[in-house]
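Next come two complexes, and both contain subunit A; in the first it sits with subunit B, in the second with subunit C.
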Partner chain A sequence: MSAPTTPAPLNPDGSRRTFMKQAGGFLGLALAPPFLSQAERLTALSKKVEGVSTISLKVNGTVRSIRAEPRVTLLDALREYLDLTGSKKGCDHGQCGACTVLVDGRRVNSCLTLAVMSQGKEITTIEGLAKGDELHPMQAAFLKHDGFQCGYCTPGQIMSAVACVQEGHAGSEAEVREWMSGNICRCSAYPNITAAILEAKTKMG
Partner chain B sequence: MNNFSYIQADKAKEATAAKRDDKSAAFIAGGTTLLDLMKSNVENHDQLIDVNLLPFRGIEMTKDGLRIGALERMSDVGAHPLVAQQFPAVAESLLLAASAQLRNMASIGGNVLQRTRCGYFRDTAFPCNKREPGTGCPALEGDNRNLAILGTSETCIATSYPGDLSVALIALDAVLTLENAKGKQRQVPITKFYLLPGTTPQRETVLEADELIVAVTIPQTEAARKSKYLKVRDRASYAYALVSAAVGLEVQGGTIRAARVALGGVGAQPWRCSEAEKMLVGKPATEATFRAAAELALRGAKPREHNAYKIEMAKNTLVRALSEVAV
Partner chain C sequence: METNQKENAPTNVVGKPLDRVDGPAKVTGAARYSAEINVPGTVHGVLKTSTIAKGRITSIDTSRAAKEPGILNIFTHENLPKPAKTPKQIEKWRAAQSYLPMQDNQIQYAGQPVALVVATTLEAATQAAALIKVTYQVETPIDSYLDPKAELFDPQKIQSGKKDAHVVRGNPQQAYDGAALKHEATYVHAINHHSPMESAATLAVWEGADKLTVYEASQNVTMHQGNLAELLGMPREQIRVVTKYIGGGFGCKGSFWPHTILTVLAARAVNRPVKLALTRQQMFTGVGHREDQEQTLKLGATADGKLVSIVHTKKATTSPWDNYTESNGKIMDMLYACENYSTVYELARANVMTSVWMRAPGEGPGSFALESSMDDLANQLNIDPLEIRLRNYADHDHSNGKPWSSKSLKQCYTRGAELFGWDKRNPKPGQTRRGRMLVGHGMASATYPVHSSQGTARVRLFADGHAVVEAGATDLGTGTYTVMTQVSADALGLPPEKIRFELGDTRLPTAPGSGGSVAAGTVASSIMAAAQDVWDKMVKMAVADKKSPLYKAKPTDVKVELGRMFLIKDPKKGETLVAALGRSGQPDIEGSGTGRYGAGYEEKNFGQNGADPNNDNKEKKTGGHSMHSFGAHFCEVEVDPDLGTIRVTRWVGVHGAGTVLNLKTATSQMTGGAIYGIGAALMEDTFRDPNFARYTNADLAGYHVPVNADIPNMQVEFVPETDPYINLLGVKGIGELGMVGVTAAVANAVFNATGRRLRSLPMTPDKVLEAMRLPA
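Right after this comes the complex of A and B.
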């Protein structure tokens, strides 16, 4: 068990107070080992996480808390705990890109990311792209260019494509193909996906 | 994936001491190799020590060369102007590796410690001397198309490091800075970091249990400035190398003054071709010279049933890479 001076590192809004409040509520009910005071327990848990703990994730602008083990990936947290099933589980090994989300604006494979390590970061999923009924230009371009058949890889393709454009890696068809190679499409809609990205680029500003 | 406890270390000593005290613990930075292997039960750890808060960041020129913090991400290092301009082989090795997503996640320290893609190592239904010492190596007589032809042993023919970066780092004489649980640092040339399989294929590097990679330093040379990483794959992008070459040449008036040559995808470790380098120096920078160097580099190759193609492919890759940097 570790030093009491360590700050709670992972709360999304930067406030230790909020973290303590959230954690304390749950822990007081469920997790109280008899030999530790609540204060000691919270300090220890802010440091070393064993078993189920409260994990706070800021997804599409909203902070939500789940109770999960450290082994839960960000992908499983989104799909199984937060009911955000837009991000897809394809290979679950970082090879297909179906699980692609943005973390602090960078595209990552959420299947190889731990939820517990994603606290305090801005997570954007496919559900966070549209503004109400107004589609993101990338979503609209995928529709217009028929950038899919079965659609299973599409949320990952679109998230990856948004990042690809924002990174400045959508300068040509060849560049798009190279920088989108982490997203596999079993239906092989690549020409249409490429066309969609090149068009969306002109509308993303 | 089996469950584990998780700790986020604020100080290097906290991380290295936790690792020293728990033989089953592992450091996690990007997690792209580690979680993949843990999901496959190839690696099992009861504790993951998150090192991302440690101050091992930064990409800067020092008197010893370019110093890259071990926690910098592949995408950031690959795109850095100093790397692209002064060490093109390093930038290319990073940007031709993996996918944009994985490059955003994977750290430099973790990249150097990638583990083999040998299918028998990655599938726990098979025996594997690297995964479970003494159980045997089905690759010797099995599917060995992707495996090594140089530096192998009768216990293991894996390309122990399947990646790209270390091939460039070995060619350019990079030095790793390691730190242990006593807070003591040591410098290890990357040419001495990897271990050949011999009879202990489970021991892949000289890294001690409580040591963490802190930084990589690459000396600044003319050959590094005129360097290149050429990668040959089954598909155009997002695949491991069948064969790759990291080369650098310093040419004056058509004569080679300095040469750096390393191969990926063919060796039991990233493969420095010292004999070929020595042979190149003082010779005219012509295709005939490069062809002779390539012959020398592959002289000791021991192919198996499915990977003899790598000999000719490696020679051609070397000749093309050397020809392109000689211009």
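Right after this comes the complex of A and C.
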């Protein structure tokens, strides 16, 4: 079983099976907890890449460089290296959406994205949404409709909401709820978040 | 005249649905939470936790981990400096868990910290923690009270000695035996985890050997400061705890937990600021949980459904060291008119960390049992669920014989039923369909006590017409920043934008934390008291000032309202605080005050037994009234009879909670409380493996909390309620109230939909399908 030189084509019947075949060996290691330590599994699963290099990220229209290892996630690059702490770490596993940012206009979980792979892309974070003192319509709507309490999931909700509207997934209350369900709000401001998005949609042009 | 005064006043914002004053910072990402404070030189701490639940560490090999670049130190039980005191030795304060890990080689629960790596980058610390090799001598753990190896015992006291484990009133068993109607049922509640979006986090900054600042995700900065002072053997004032923003807590950040002291000790040893945030997985074994438990409830009633006896027992899991369990019995003791009551708690030690209060502790699971059984009783009698509650309506508190300070539960029932359209409900279970779905309607009562509390605040009014108001409280997202700005604005007669309210710092006047629903009532009262101190000083200044319209007036003839001092007999004669201060040449004036919430307030203002002359209950130490907030929930569900899924499709909650300080934030909080309860009702269940006593679903993919698509439109209202006995402003806390009764309302709606009574939370599809297979 050798690694393919080009990515397997995304063929609806074959892709999953192909992936499973290719990954079978690794998965075997990953799913054998009692016999191998986590570290050993990690080592087995990854080709070791060491060392700090310069990573240039275009965040909110400005290119900034950091010296970091290739294993640094986009979320940690923003928070720990660029001091842009608006993007939040809720789970670090892509389960909660608090870290949502826009990469080339698409919403992504920045905790599941490597900084090194985000070079050359347009990254927009919550800090880049307002124009000076003028809030983005989505931010203003969240404020007006009280679409948050503790505020920790809020940057992710707002970034996700902007994309949700731009994707054309804010056609109805039900649609907004469905397409916003990747962003958990434990204070449970959901009804207010939904109302905010439906209002902001009309003002986003 | 007074009405005119108010209309002409520059501000009158208490109660208004003001946008959150901290909102702009939160929607722009400018609000910095504890792990986001930028302290130069900060390094990263990462915990490694035990993979076994019981045994001992035979060796820890850190050699490979130490080779990672940027490692400053790897602490284990062998080299971590010892604190001055252990949590068990704390006297004045209290850590939720009396056991501190990393003091020896013993393992008592899965997920127990065994090492703490400090490195210059988070990545290096994380990798090194993974590379530490821990060898254990494994012993067989006990996983819960259900484990055959577990032994139930009588704890005598629960909640670390605060409450009795046996409460008896009247003659409950005899009354039950003789009752015309009897109902007995057992209710099971899963383990729940608070799961705030922000992990618990500590940033410890030592400035010399005797000065420490800790940025902590804390619901109570004073509590964290007090515990740290004792554990470190330092004076409290040498330790500063700061929490400007906190990403939710729901109880788990209102107690002291091991990671905080471990981080502080590590920071001192490496002589660098250390930041440590628990991972989401560690949040399931680092900051407590709602314990796994079952309750057996026996209700005895007369033939027409009047309760004559409530006999309640609870079994629950606790840790190897502490006797914490939620006091579920409280609500059974007081919600209805019943002369005979008892509750008994039995605990079993298992290899789990100590559980802790979680939103509506006791009242949440307690109301599930009580309000489900009441629904059954109504069904047995063939009467409306509202009717059974009205027949047992408590006109006074039967647990202590006291009159209520205020109670609007009847109004909540009436208004809720009206908003919901309760009269259209089909009382026959299993009869209503919407397409394939079975539709059901249920309701339940809510109540939460007023916990007596007090705190202080400082008000500094500046001559240019702005003010700084300070109290060491916290804002969990509950709106403290906003409502206290509103209270301050009205007290000083300034627009809200001229008020800066500061909280979350032990350097500020001591205030209670956010917990037990005490913050709003206590801090608002403290601010009022501090403002009144400013008023008194200003009135004295004005009556001595020739240029003041109040010159030579007697201070007792002057009243202050919305920032304006005036003669009571001639309200036109007067001036604003700011005008008088501006003329004085003094740049600012400061006042401070103590606010009281609950029994302490009543005692101070109405005497030992309150204002009610008929109250002869002299043996009670606290005031003369029983203080509770009340409410009612109404719920519609759709149950899929083939898949067993339950969806909440409509919700109405109506509550009586005294003065509402901000209608917008209060409505959000009550809505959120109900959704928190819907989570407990339908999906929240941390599963502890019976063999390994480890959680099998400790993350947000495995532990399901409600998401947007789970939740319908929610309607929440408050009924007007005035309570003169509870505090200066008549405010009752609402943090917990919104969740009480929610699980029962859902279960009652499921019963109405299916004719099946589900008594085990959460009501997941497997349990629904199993119930559907049995005859109704």
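Here is the rule we go by: the second predicted complex is superposed on the first by the 155 of 205 C-alpha atoms of A that agree within 3 Å, B and C clash if a C-alpha of one lies under 4 Å from a C-alpha of the other, contacts with A are read in each partner's own complex, and residues count from 1 in each chain.
Quick note on the criterion: a residue touches a chain if its C-beta (ideal position, glycine included) is under 8 Å from a C-beta of that chain, and two chains touch if they have at least 3 such contacts.
All values derive from a computational prediction rather than experimental measurement.
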Partner chain(s) touched by A:160 [first = subunit B, second = subunit C, both, neither]: first
First (subunit B), second (subunit C), both or neither touched by A:127: second
Touching partner for A:71 - first (subunit B), second (subunit C), both, neither: both
Subunit B versus subunit C as contact partner of A:83, first or second or both or neither: second
Subunit B versus subunit C as contact partner of A:181, first or second or both or neither: both
Subunit B versus subunit C as contact partner of A:146, first or second or both or neither: second
Which superposed partner A:92 touches (first subunit B, second subunit C, both, neither): both
Which partner, subunit B or subunit C, touches more subunit A residues: C
Set of subunit A residues, in rising order, touched by both subunit B and subunit C: 69, 71, 92-93, 177-178, 180-183
Subunit A-touching residues of subunit B, taken from the complex the two chains share: 1-8, 10, 28, 30-32, 35-36, 39-40, 48, 50, 52-53, 75, 98-102, 104-105, 236-238
Of all residues in subunit A, those that touch subunit C in their complex: 37-39, 42, 68-69, 71-72, 76, 79-80, 83-93, 95-96, 98, 125-127, 129-130, 135, 139-140, 142-144, 146, 148-155, 158, 173, 176-178, 180-194
Subunit A partner contacts - residues on subunit C that touch it in the complex: 19-20, 22-33, 35-36, 38, 64, 121-123, 127, 130-133, 195-199, 245-248, 250, 277, 279-280, 476-479, 664-665, 667-669, 671-672, 675-676, 699-701, 705-711, 713-714
Subunit A - residues contacting subunit B, complex: 6, 9-10, 47-51, 69-71, 73, 92-94, 97, 100, 106-109, 112-114, 116-117, 160, 163-164, 167, 169, 177-183
